[in-house]
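Heads up, the next two complexes both have chain A, just with different partners, chain B and then chain C.
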Partner chain A sequence: MDLAILNQKLTGAFSGMAYSTAEACGQATVEVPADRVKDVLKFLRDDADLQFDMLLDVTAVDYPARTPRFEIVYILVSTERRHRIRIKTRIEDGRALQTVSDLWRSADWGERECFDMFGIRFDGHPNLKRILNPDNFYGYPLRKTYPLRGERDPAFLDYKETEPA
Partner chain B sequence: MQITDDSLEEGQLMTLNFGPTHPATHGTLHLIATMDGERIREAEPIIGYLHRGKEKMGEHLKYNQYLTMTDRMNYLSPALNNIGWCLAVEKLMGVDTPPRVKWVETISCELARIMDHTVCNGINAFDVGAATVFFYMFQQREVITEIFEQMTGARLTISWPRIGGLPYDVPPDFKDQVRAFLKGFYPVLDECDKLLRNNRIFLDRTAGVGAITKERAISYGFTGPCLRATGFEYDLRKREPYLCYDQVDFDVPVGTNGDVFDRFFVRMEECRQSARIIEQCLEKMPDTGPFAVDDYRVILPPKEKVYNEMEAMIFHFKLVIDGVKPPAGEIYQGLEAGNGELGFYIVSDGSGKPYRVKVRSPCFYIYAAYPELIRGLMMSDVVAVLGSLNIIAGELDR
Partner chain C sequence: MGIELIRGDNFMTTTLASAVNWARKSSMWPFPFGTACCGIEMMATLASKYDMARFGAEAVRFSPRQADLLIVAGTICNKMAPVLKRIYDQMSDPKWVIAMGACASCGGIFDNYTVVQGIDEIIPVDMYVPGCPPSPQALMYGFTRIQDMVQKGRGQSLTATAEAVPVLPV
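Showing the complex of A and B:
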């Protein structure tokens, strides 16, 4: 995705929104504020020149030392225009994002996995419950603070104290 | 298509648990179906029975060690997973592998794709009653596993290329083995095609069953044969060529209705195209040349150098202790796997282990559409649709 075109589009549609762009290994990334991410995604999907009609993946990265703590990554592809982009946003633990499962059906399970693994909530999601882990599972395993060996790990007690589910 | 009677009340419906240990669920899939007589009204797939935390483990393993995790994802085509991982890390590091490696990997990718499709189609045919096709297909798969065994020492969990190239050169008679396989494979494909394409029973069981439109499929994140069956020519090998796919000539087969029948024959035709790609690769592949990149950041120096040279010794030591160290940054690399786009999203913090690994598995998003595909169908069609989607539990649950 050509960042120059995207910058032009984004500043045109979202004047006053603070966002940043980056490019590495030929792949473009845009970071937007958490409260605007759904608007941006909707714009990217509906704009005639961008047409990001497929949401390939929704995922998160945990940075315990940073504030806000989590980085949510949306990987988009346009099947018509043949370009890709990653949209990122940051969110603090305990805060919720707006769901995009009404924009793309694939976000349904993608966001459920995000919730299951990181405990990130998505407002308006039709069925936000655990997907890969069992329903009675304690904690969010892909957080950096979750010990590798789970409940058998001596560090699990610390995890339970610092991050009650 | 006849759907269920919505006026029925709760007590008149039956809840049926299908799986997770039922043989037709191909492993560990669990479906809670609400039945109106013999038709499905609502279905809820429960997944995660094979969840092993591969992404969590990825944060605690070195880049080359993680290779062994990837072939336990889609265990029908392990080579594709391995190569996908290597491509992602190589791209993150800016390593360009020598041409011979690329050709061998392209051939392996296509052999693995044939392996994937033959199993999928064989089982799909078996599930709807065509047992012969299953045995014919499995025989061919066996030949490919033997080729992989000669190449890598393992039949299934091959963990075979390394970041930056191959761990050892292919066997001297590699080309002959692959040619011998192709010679036996074409007649089997034709025979299976003839057995099923105009077969009345097969048509009744598959045509118009579990159909999806192109728009819905894109919204669900379908990729690979399941998307192409809807008539949309979406193939990463053509659109964003990696390895040697820009140097070979092949067609992208598409279906029309996006039903089980189309998915089956798109896979059949893809096998034929894969064989075509392999033939061209065998022609163009150089017989000699380095089989790994000459870069000691990623590949161990040769033993003679390690024993006699100071620098080689240091590189050897660093690589064994620290592992491959990509620069800090992130990458998403997708590749056309058997089921669709298999993507690796890696966040590196510059150390020898990834900070975060996310595997974008094609099955996961395809399976999300399953309840919609089977609504209003009979219980027996559920199995036909499941087989045609080629849901691999290892990849689904990771």
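Showing the complex of A and C:
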């Protein structure tokens, strides 16, 4: 995806929104504020020149030392225009994002996985429950603070105290 | 009992139990519970090259109600554990269990929050086959020891046999 075109589009449609772009190995990334991310995604899907009609993945990254702590990554592909882009946003633990499962149905399971593994909530999601771990699972295992061996780990007690589910 | 003396060589006397056990061990019906890479090695064992049919175990049953040998081949994660337990419970007695590979025996390399650390945490195991994955020969060896157990009773297969392990020259 050509960042020049994208910049032009984004400043046209979202004047006044603070965002940043980056490019690595020919792959474009845009970071937007958490409260605007759904608008941006909807725009990217509906714009006639961009047509991002496929959401490849929704996932998260945990940076325990940063505030806000989590980075949510949306990977979009346009099967019409043959280009792809990553949209990132940052969110604090305990805050929720708007669901995009009404824009792309593939977001349904991606957001459930995000919730299951990182404990990130998505407002308006039709069925936000665990998808990979058992229903009675405690904690969010892809957080860097989660002890590797789970409940068998001596560090689990600490985890349970500091990060209630 | 003497009937052989009266009627000649066409008769053989034995106990009912040992005759039944002999029939049982010669026609074990395994339930293949292959969940990971060990499952591939189990398929190789069952297929024509190694051929479990030589030991009478070629009738693989995908219904636990028709099987009497559960071969757990692969990693069992916590979410799979209730399924395995239910399948074991659905098998009719008498039944035997082989834990094939490091994962099924003790969790293997997966010492983490998702994997059951050995299926003996949830169901009883008769034979552990070590390896990652065990070779088909190892599985067949384990299977023949299970046959010994069927004939002689549980836990009886490891009594000293004539097959002493030869000491390798150093």
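In this text, the second predicted complex is superposed on the first by the 165 of 165 C-alpha atoms of A that agree within 3 Å, B and C clash if a C-alpha of one lies under 4 Å from a C-alpha of the other, contacts with A are read in each partner's own complex, and residues count from 1 in each chain.
Here is the rule we go by: a contact is a pair of C-beta atoms (placed from the backbone, for glycine too) under 8 Å apart; a residue touches a chain by one contact, two chains touch by 3 or more.
The model shown is predicted, which means the values in this text are computed figures rather than measured ones.
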*Check whether A:Thr59 is in contact with chain B, with chain C, with both or with neither, and answer first, second, both or neither.*
first
*Return first, second, both or neither, reflecting whether A:Pro141 touches chain B, chain C, both chains, or no partner chain.*
both
*Using the touch definition from the top, say if A:Lys38 reaches chain B (first), chain C (second), both or neither.*
neither
*Pick one for A:Arg149: touches chain B only (first), chain C only (second), both, or neither.*
second
*asked:* Let me test your reading of the model: by the given contact rule, A:His125 touches which partner, first (chain B), second (chain C), both or neither?
replied: neither
*For A:Arg90, is the partner it touches chain B (first), chain C (second), both, or none of the two (neither)?*
neither
*In the superposed arrangement, does A:Arg69 touch chain B (first), chain C (second), both or neither?*
neither
*Specify the partner with more touching residues on chain A, choosing between chain B and chain C.*
B
*Can you pull the chain A residues that chain B and chain C both touch?*
132-134, 141, 146, 148
*Please give the residue numbers of chain B that touch chain A in the complex, ascending.*
47-48, 51, 53, 55-57, 59-60, 91-92, 94, 216, 218-221, 232, 234, 239-240, 329-332, 334, 341, 343, 345, 347, 355-356, 358, 360, 364-365, 367-369, 397-398
_Please output the residues of chain C touching chain A within their complex, sorted ascending._
78-79, 111-114, 117
_So in the complex, the part of chain A that touches chain C is made up of which residues?_
132-134, 141, 146-153
_If we count contacts the way the header does, which residues on chain A are in touch with chain B in the complex?_
24-25, 27, 29, 53-57, 59, 61-62, 73, 75, 79, 82, 84, 86, 104-106, 108-110, 113, 117, 130-134, 141-142, 144, 146, 148
